[in-house]
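So, here's a batch of structures to check.
Two complexes are shown next, each including chain A; its partner changes from chain B in the first to chain C in the second.
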Partner chain A sequence: MTTALHDSPSVPAPNTSLRHARRSRGQAILSGGITTVIGAVGVVVGLSTIFGQPRHLRIGWLLPLVGVVIDLDPLGGFFIAATGAVSIAVGIYAVGYAQREHWARFPLVVLPLFVAAMLCVPAAGSVTTFLLAWELMAAASLVLVLSEHHRAEVRSAGIFYAVMTQLGFAAILLALVVLSAAGGGDAFATIASHLGDISPGTRTAVFLLTLMGFGSKAGLLPLHAWLPRAHPEAPSPVSALMSAAMVNMGIYGIIRIDMQILGPGPHWWGLTLMIFGAVSAVFGVLQASVATDLKRLLAYSTTENMGLITLALGAAALLSSYGVQNVSAMAMTAALLLILSHASFKTLAFLGAGSVLAATGLRDLDKLGGLARRMPGTTVMFGIAALGASGLPLGAGFVGEWLLLQSLIHSPHDNNTMLALMMPLSVGAVALTTGLGIAAMVKAFGVGFLARPRSAAAAAAREAPASMLAGMTLAAAACAVFAVAPVLLSPILRQVLATLPSVGGVEAGPALGTYLRLPGMAGSISPGLIAAALVVAVLLALGLSRWGARHRPDAVQAPLWACGADSLSPKMQYTATSFAEPLQRVFDNVLQPDTDVEITHFAESQYLVEKVTYRTLMTDPVEHRLYNPVVRAVTTWAQWVRRAHPGSVHLYLTYGAMGLLIVLVIAR
Partner chain B sequence: MSWIGKIGRVGRIVEPAEAAPDATVAPPTGVTGSLQLRHVDAGSCNGCELEIGGTFSPVYDAERFGARIVASPRHADGLITTGVVTRNMHQPLLNTLNSVPEPRVVIAVGDCACNGGSFARGYGVVGSVADVIPVDVQVPGCPPTPQQIITALRTVTGR
Partner chain C sequence: MSATTPITGLAVLATTLQVVAVVAGAPLVVGGMRQVRARLEGRAGGGIGQPWRDLRKLMRKQQITPQGTTVVFGFAPAVVAGTTLLIAAILPLIALGSPLDPAADLFGVVGLLFLGTVALTLAGLDTGTAFGGMGSSREITIAALVEPTILLAVFALSVPGRSANLAAIVSATTNNPGQLISPGSLLAFVALGIVIIAETGRLPVDNPSTHLELTMIHEAMVLEYAGPRLALVEWASGMRLTVLLGLMANLFLPWGVAGANPSALAILIGLVAITVKVAMLAGLLAAGEVFIAKLRYFRIPELLAGSFLLALLAVTASYFFATPTN
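Then we have the complex of A and B:
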C-alpha cells in the first residue's frame, strides 16, 4: 500500500506516505499490544486456576435461553496458560511483522479476537458455551488464513480449511448434543454427575464423533489435510497461533470429553487413540522429511507431534483400563509435557519461518541458504526450535519423548496380549518418528540457513526488526526452560493430573526434579546436569585449544578448495530435495512421489546428452486417495442439485411456498 | 594360541631397507618420517600412476619410510605430479598447489613431468612441471621403477 503511494506521481508522496506509515505503525502496535495483554491475562488466569480454587461463572444475558457458563479448573487452566503464553510471544512479534508485511486493518482487528476466542474454549463450562467459543475460534482463524486473499492459493486453502473445520464442528456439535441429551443437562459438571444414565452405545457414538471432530482440529490422520494447506498460506504469526495453540484445542477436547467426563472407557478407546496417534506421527514426519516448503514442513511436523501426544493419551487410557495406574500417570505426564514443549518450539519455528519469509519472500528451501550470516538472530532462534522439534537432549521436546518412551517400555504385560503387542509396536513408531524428525529438522536448518544463498532473494536478506526478535526470544526462553529445567513444571503437572482420575490421576506422576525419576521403576535422567556437563566440556575444549595454539603463527586466508576448479557455485550444494532423496527412495511405496526424468540427446548422436530434466512432485497420498473421490462425488451431486436452480423467480417462489406448507404440516 | 608364539619365533621377514639416500630438501613439516602428498595427474599416460600405485602397494610399501598419499591438498605437505602439463590441467595444477599449506614440496615423477618427454612441444602442452611451478625433486624414467620413486621420496622424508 505504501509503495503504491510512493510510485504514484499525482499524490504528494512524502507527506501522505509518512502519515500513512505512522498510522499503520500505530495500528500494528495497538493490535499486537492488545494480543499480548490478552495473552498475559490468559497466563495469569490459567496459573491462578491451576493453583487456586476452581471457579464458576454464569453470565445469563450474553446468550439467550442458556447463558454463558465459565468453569475454570486446573485442566482448563493448563490449556489457557499455554495458549496465553503463545499469544504473548506472537503479539509482540506481530507488531513488527504487520508493519513489514503491510497488513490490512481487518486481520489486525481479528488477531486479538482469535486469541480471546481460543482462551474461551478451555474455560467453557457448558456444551453451548463450548460450541460458541469453538465456532468463534474457527471463524476467526479462517478470516486470518484468508488475510492475503488476493492470491489464488490462499483462497483455495481457505475453502479447504473452511469445509474441513465446519465438518469437524458438525461432528462435535452432534456428539455434544447427544451427550447433553443423555446426560440430562447442558453443563459439563451435570453431565459428569449423571454419567450412570448414559448408555454404552451413546458413549461409543460420542467417542467416535468427538474423535473425528477434535481429531480433525488436531490434524490427525486422515483428517490432517487442511494443515499443510492452511499453515503455509496463512501469515506466519497466524500459523504460529494455529499450529502451537489452536491444534491443542483438539487435544483438549479429547482429554475433557473422552477421558475426563466419559472416562475410563473400554480398552478399545485407548487402542484406537494409540493407532490414530502412531499412524499420524509416522506419516506426518515422513511427509515433513521430504517437504521442500519450509512452512509445509512445519505443518506436517505439527501432525507428527499431535500424533505423539495422541499416542501418549491412548497409552494412558489403555494402561489405566487395565489397572496399571502408575505407568498411566507417566504417559499422561508425557502427553502434557509434549503439549507444552510443542507449543513453545512450534511457535518459535513458525515465527522464525515468518522472519525468513518477510526478509526473502521465499518458503522454498531449495532457494534459501546463507541466512546464518545475514540473519544471525533468526538463525539462532530457528536452530533452538529445530533442536526442540528433533527430540534430542537439550531440546524442548526431549523430556516429553523420553517419558513417553519410558512409559511404553515400562508397561507390565504379563499374560496381557494387548499390552505385549501394542507397547513394543508403539516404541517402534516413536523411535521411527524421532529419527525421521531429526532428518527433517536437520534439513530445515542446514539447507535453509547454512551454506551459501541459492537465490538472489536469499542473498539480499536482512535481519528481522527488534520486536520480531523479541517475540522469538520469549519463545526461545520457554524452549530452554522445558529443555533443562522441567522441575519448574512439576507442580503444574501434578495439579492437572489430579483432575484426571481416569488416567492415573490418583497416583503420583513421575518426579520431575533435578533428576527425572520414575516412581517404582528403574531409569532416571537429568537434562539440567547434561546441559551443565556439555557447557563445561565445550569451555574446556575451547580453553585447551587456545592454550595449545599460543605458539602457532597467525592464520592466513586461502582460496576455497574446489577440487582444482576455479570456484564452487551455490548450485553444487545439497538442496532440500537431494537431501531427502534417499528417504524418498526408501519410503517410495508410502510417499508415492511423481518423478519424471527427461533426457534430450543431440541430433547428431544418441550417445551424447544435451539436457537432462528432473522433475518431482510430492503429493499427499492420503489426500489423493481419500479426498479426491469424495470431492468428485460431492461435485457430481452438487451439479445434479443445481438443475433445481434455473434462475426462474417463479420457480423459487413455488419452492418457498412449498417449504412453508411442509413446515406448517409438520408443526401442526 | 600357537600362532602367537609363531609370530614371535619367525620375527620380521622383510628384506632390510637400503641405506638412506642423501637428503635433497628438508622435510617441509620439520619432522622426519612424515610426508603427506597429494597426487596430481597433469597430463600423464597413466604409466607413472601404475608405478606410484605399485610404490604404495604391500610389495614396495613406501609408507614404511613415512610417505603417504592423501585425498585433499588441505591435508598435504606437498604435491606428487606426473605427466606433461596440458592446457586443460594448467590452472587446476596451480589451484591445487595454492591449496597446499606452506612450506611445501613438489615432486615431479617421470620423464614427461621432468622435461616433457615424448610429448614435449605438443600443441596441447604448456610444458614440463618445472616450467609452471617450482619443483624440488625430479624422478626421471619412462616410467620410473617403484624403487627409484621410493629413493626419491626418502630424500625428502629423511628415513
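Then we have the complex of A and C:
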C-alpha cells in the first residue's frame, strides 16, 4: 500500500507523479464532497418531512407514460434521513480512502449516484418510481462492488451478488405488478385506498413474494449468501453504505408494502416474520462468532441485526393482529431504534475495518493484532462500534434490544397459546444472539486490535489520515447519542409511528425521556444515568485501589511471564480461530466446519510428533446445502441447452424459420 | 412504583450502606467459603479474615505493567470493580427504594455484569500470551452460553410482577409468597443458581483455587496481573459473588428487606437479614463444592444447555400456571 505522495517508482518524472497525485486528490475531494452534500440534503429533507406536511410531487416528463411520483411521508423521511446520515460520514471518509487506495474514476463517479439512488427508494410514491429507484440502487452498488475487478474473488462475489439481487428484484417486480393490477393503480396511495378490492389470495401471494425480494436485500436467511461475499470484497466505504444503509431498504420495503399498505395481515404474517428474523439472527451471529475475516464477520453481524429488526417487526405485527396495540407500538419502536443504532455502529465498524485494510492490506484477524499502539484513533472508533454491536449498556445497540426484550416479555398471554409459546422462544433467540454477539465482537476487537502483531504487515500499520478519522468520528458521535441520550430521537419516532396504524401507531409508543418508560406498564431504564453512575463507580474503584499506595515502590514495566522460557513469540498468542474454537465445537452440528488435522511422526518413533497441521475451513452450511444443488441444476440444464448451439449458421436459420412458423400458426 | 415516590435521605443511606457492606463483606464471604471448605476437608484453614490480609499485602506491592499492554489492561480491573459496585447500588439488598432502581432493571444489571466480564476478557487478550487468550476464549464462551439462561430466568421472574425492575419483582414476591413454590419460580431458581455458579467461576464450572494451567479459566485470564491491580481483580470477583448471592437470596427469600421508604430500624434489620442470607447461601455453596469435581470444559455447555431448558420451562410454566392475584 503506497500513499498518493509516494507513488510507485515506475512513474517517469516526479513532476508528473505530483500532478497525478494532485489530480487524484482533487477527484477524491470532489466525489466525497458531492456524496456528503447529497447525504446532508437527505438528512434535511428527511427531517423536514418527518416534522412537516406530507409532500406529493409528480414529474411527468422524467419517465414516459407514467411519470415519476415522489411521495414524502414520515416513514419515508425516517429512512431518507438515516441513509443521508450514513452517507455524510462515508462521504467524508471516502476523501481520504479514495486517495490512499487510488480509486479509479469510475467508482468515484458512481459513489454519489449510489447514494442518490438509495435516497430515492423511500421517497418513491408509485410502483414504477419505486422499481426504477430500486434497480438504479442495485446496479450502482454492483458497479461499486466490482471496483477492484482485477481480483478473481471480487469478480466471483460480483456475479453472486448480481444474480441474487436481480432474482430479488424479479420477485419484487412480480409482487408489485400483481399488487398494482389488483389495486387499480400505480400510486401507493391508490393501492392503499383500494385495499378492499384485493382478494386474500393476492395479498398472500404479494406478501410471500415481497418477503422473498426484500428479505434477500436485507440479508435474511436463507437469502443472505450475497452479504458475506459482496461486503468483504467491496471497498470499505461501499461496504459501509451497503451494510448500514442499503440493507435497510429491504426492511423499508417490508414495512411499507407488507405492514403499511397491505397490513394488518393475518396472524401468520407476523409469525413468519418472527421466525425468519429469529433464525437469521441466531445463524448470522453464529457465523460471525467463528468468522476470521474481519469484514465477513461484520457482514454476518448485519444478517444478525436485520434478523433482530425483522423479529421486532414480526412481533409488532403479531401483537397487533391480536389487538395488543400498546405492546405492538413498543416492538415497532424497538425496530426503528435498532435500525438507527445498527446504521450508526455498522457504518463505524466498516469504516474502521477499511482503515485497517488500507493500513495493513489485511482482513484476516489471524494475521492482525497490536493495532492499538499503531492506530490509536481507529482502535477507539472500532471499540465504540464493537461495544454498540454487542448490545451491552453504554453501547449504541442496548436501548433497542432492551425495548425489544421488554415488548416480548410484556405481551399478554392469557388464554393465548400462540403468544405464550412464541414469546419465550423469541426471548431465548434474542438472548443467545446477544451472548454470541458479545463473543464475536470481543474477538474482532481483542484479537484484531489488542495483543501483539501477528504479521509484519500489522506491525508496520500507520494511522489513517484525518479525513478518514473525521468520518469515523461523526459515526461515533451518533453511536454515543443512541447509547446515552435516546431521548433526542423521541419526537422522530413518535411521528413515524403515527404513520403506521396497523402496528399500534394509534397508541403512544414508549416514552424515551431521561428514563425510558413503557406506556401502561411497569418498567423503566435510564441509559444516561447508568453511564454517569458507572463513571462514578469506576472512579470509586480507582479510589479503592489507592489504598496502601504510599507503601508501594515506584511502578515499573516488566516483561510478560513466559512460563520460564526465554521469551514469548507473537506466534504463541491465541488467534481468532483458536479464540472461537470452543464455540465452534459447541455448535458443531449447525456450523459443520471442515477441519483437517494432519500429524507427522518422526521416522525413529511414532510416539514422537514432528509436526501437526491443523486446517479448518468455515463454509456456510445453508449455502452448501441450498445453493449448490440449485447452481448444479442450472448448470446441467444449461449444458443441455448448449447442445442446441453448435455454431452452425444454417441451423440457427432453421431455428428462426421454425420459430416464425410456430408464431404464425398460433397467431392465426 | 418507587420511580414515582420521592427519594428520602434514609433510602440513599440504605443504598450507600449496601455498597459499603458489599465492599467490606466480599472478602469475608470468600474467606468464609474457604474456611468452610477447609474444615470439611479436615484442614485448619487460614481464617475468615485471610482474604482481607491478602488484599492488604497485594495493595502494598509494586505496580507492574507487563510490556506491550495497553490501557485496556490497566483499566479493566477498575471497570470490573466499578460495574460490580454499581450493581450493588442498584439491587434491593437492604432496602427496595434504591435511587438507581428505576435507572436499571434486571436486564440492565445483567448487561452491566457482562460489561465487567468483557473488560477482563479484553485484558486477557491484551497481554498477548497464550494463557491470556486461552482464559479469555473460555470465559467468553461460557458467558455467551450463560446469557440466554439469565435472560430467560429474568423473564420468568418478571411475569408475576409484570415488570423487570427489581423492586417490583421483590415486592411482588413479598405480597404474594405463595408463588415462590410455583413450578415456574422453582425452575427459575435452579436455572439462575447454575448460571450464577458459572458466572462467578465456582465448581463445577471453574475451580477458583486451581493453579493448574490446563484447567484454568478465570485464573488464566488474569495471570499477568500483580500487586494492586490483582488485588482489585480479586476484590471485584469476591464482590460479584457476594452481589449475585444477595440477588439470589432476595429474589427467592425476600423477607427482611426494608421497604421503599425505610426507617432506621428497618435498614438495620435489612442489613442483618441480607448478611445472614448471604452467609447461609455461601456456606451451602462451599459445602456443596467439597463433594463435586470440576467438569471437563467441553461438558460445561451441556450443563448450561440443561439450565437453559429449565429456564425455558420456567417461563412456560409461569405463563400457563400464572394466577393473576393481586
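To be clear about the criterion, the second predicted complex is superposed on the first by the 620 of 668 C-alpha atoms of A that agree within 3 Å, B and C clash if a C-alpha of one lies under 4 Å from a C-alpha of the other, contacts with A are read in each partner's own complex, and residues count from 1 in each chain.
The working rule: contacts are C-beta pairs under 8 Å (C-beta built on N, C-alpha and C of every residue); 3 or more make two chains touch, one makes a residue touch a chain.
The structure displayed is predicted, hence computed values, not measured ones.
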Side-by-side fit of chain B and chain C on chain A, or clash: fit
Which superposed partner A:Leu392 touches (first chain B, second chain C, both, neither): second
Greater chain A contact set [chain C / chain B]: C
Partner chain in contact with A:Leu30 - chain B first, chain C second, else both or neither: neither
First, second, both or neither for A:Ala181, with chain B first and chain C second: neither
Touched partner set for A:His410, first chain B, second chain C, both or neither: second
Touched partner set for A:Trp561, first chain B, second chain C, both or neither: both
Smallest separation of CA atoms, chain C relative to chain B, angstrom: 5
Residues of chain A at both interfaces, chain B in one complex, chain C in the other: 558-559, 561-562
Chain A-facing residues of chain C, complex: 1, 3, 23, 56, 59-68, 70, 72, 75, 77-79, 81-83, 85-86, 89, 100, 102-105, 107-108, 111-112, 114-115, 118, 121-122, 125-130, 132-134, 136-138, 140-141, 143-152, 155, 158-159, 161-165, 168, 223-224, 227-229, 231-232, 235-236, 297-298, 301, 308, 312, 315-316, 319-320, 322, 324
Contact set on chain B toward chain A in their complex: 40, 72-74, 91-93, 95-96, 98-99, 101
Residue numbers on chain A that touch chain B, as the complex places them: 558-559, 561-562, 564-566
Of chain A, residues touching chain C in the complex: 289, 369-370, 372-373, 390-394, 398, 402, 405-406, 408-410, 413-414, 420-421, 424-425, 427-428, 430-432, 434-436, 438-439, 442-443, 445-447, 450-452, 515, 517, 521-526, 529-530, 533-534, 537-542, 544-545, 547-549, 551-562, 568, 570, 572-574, 578-583, 585-586
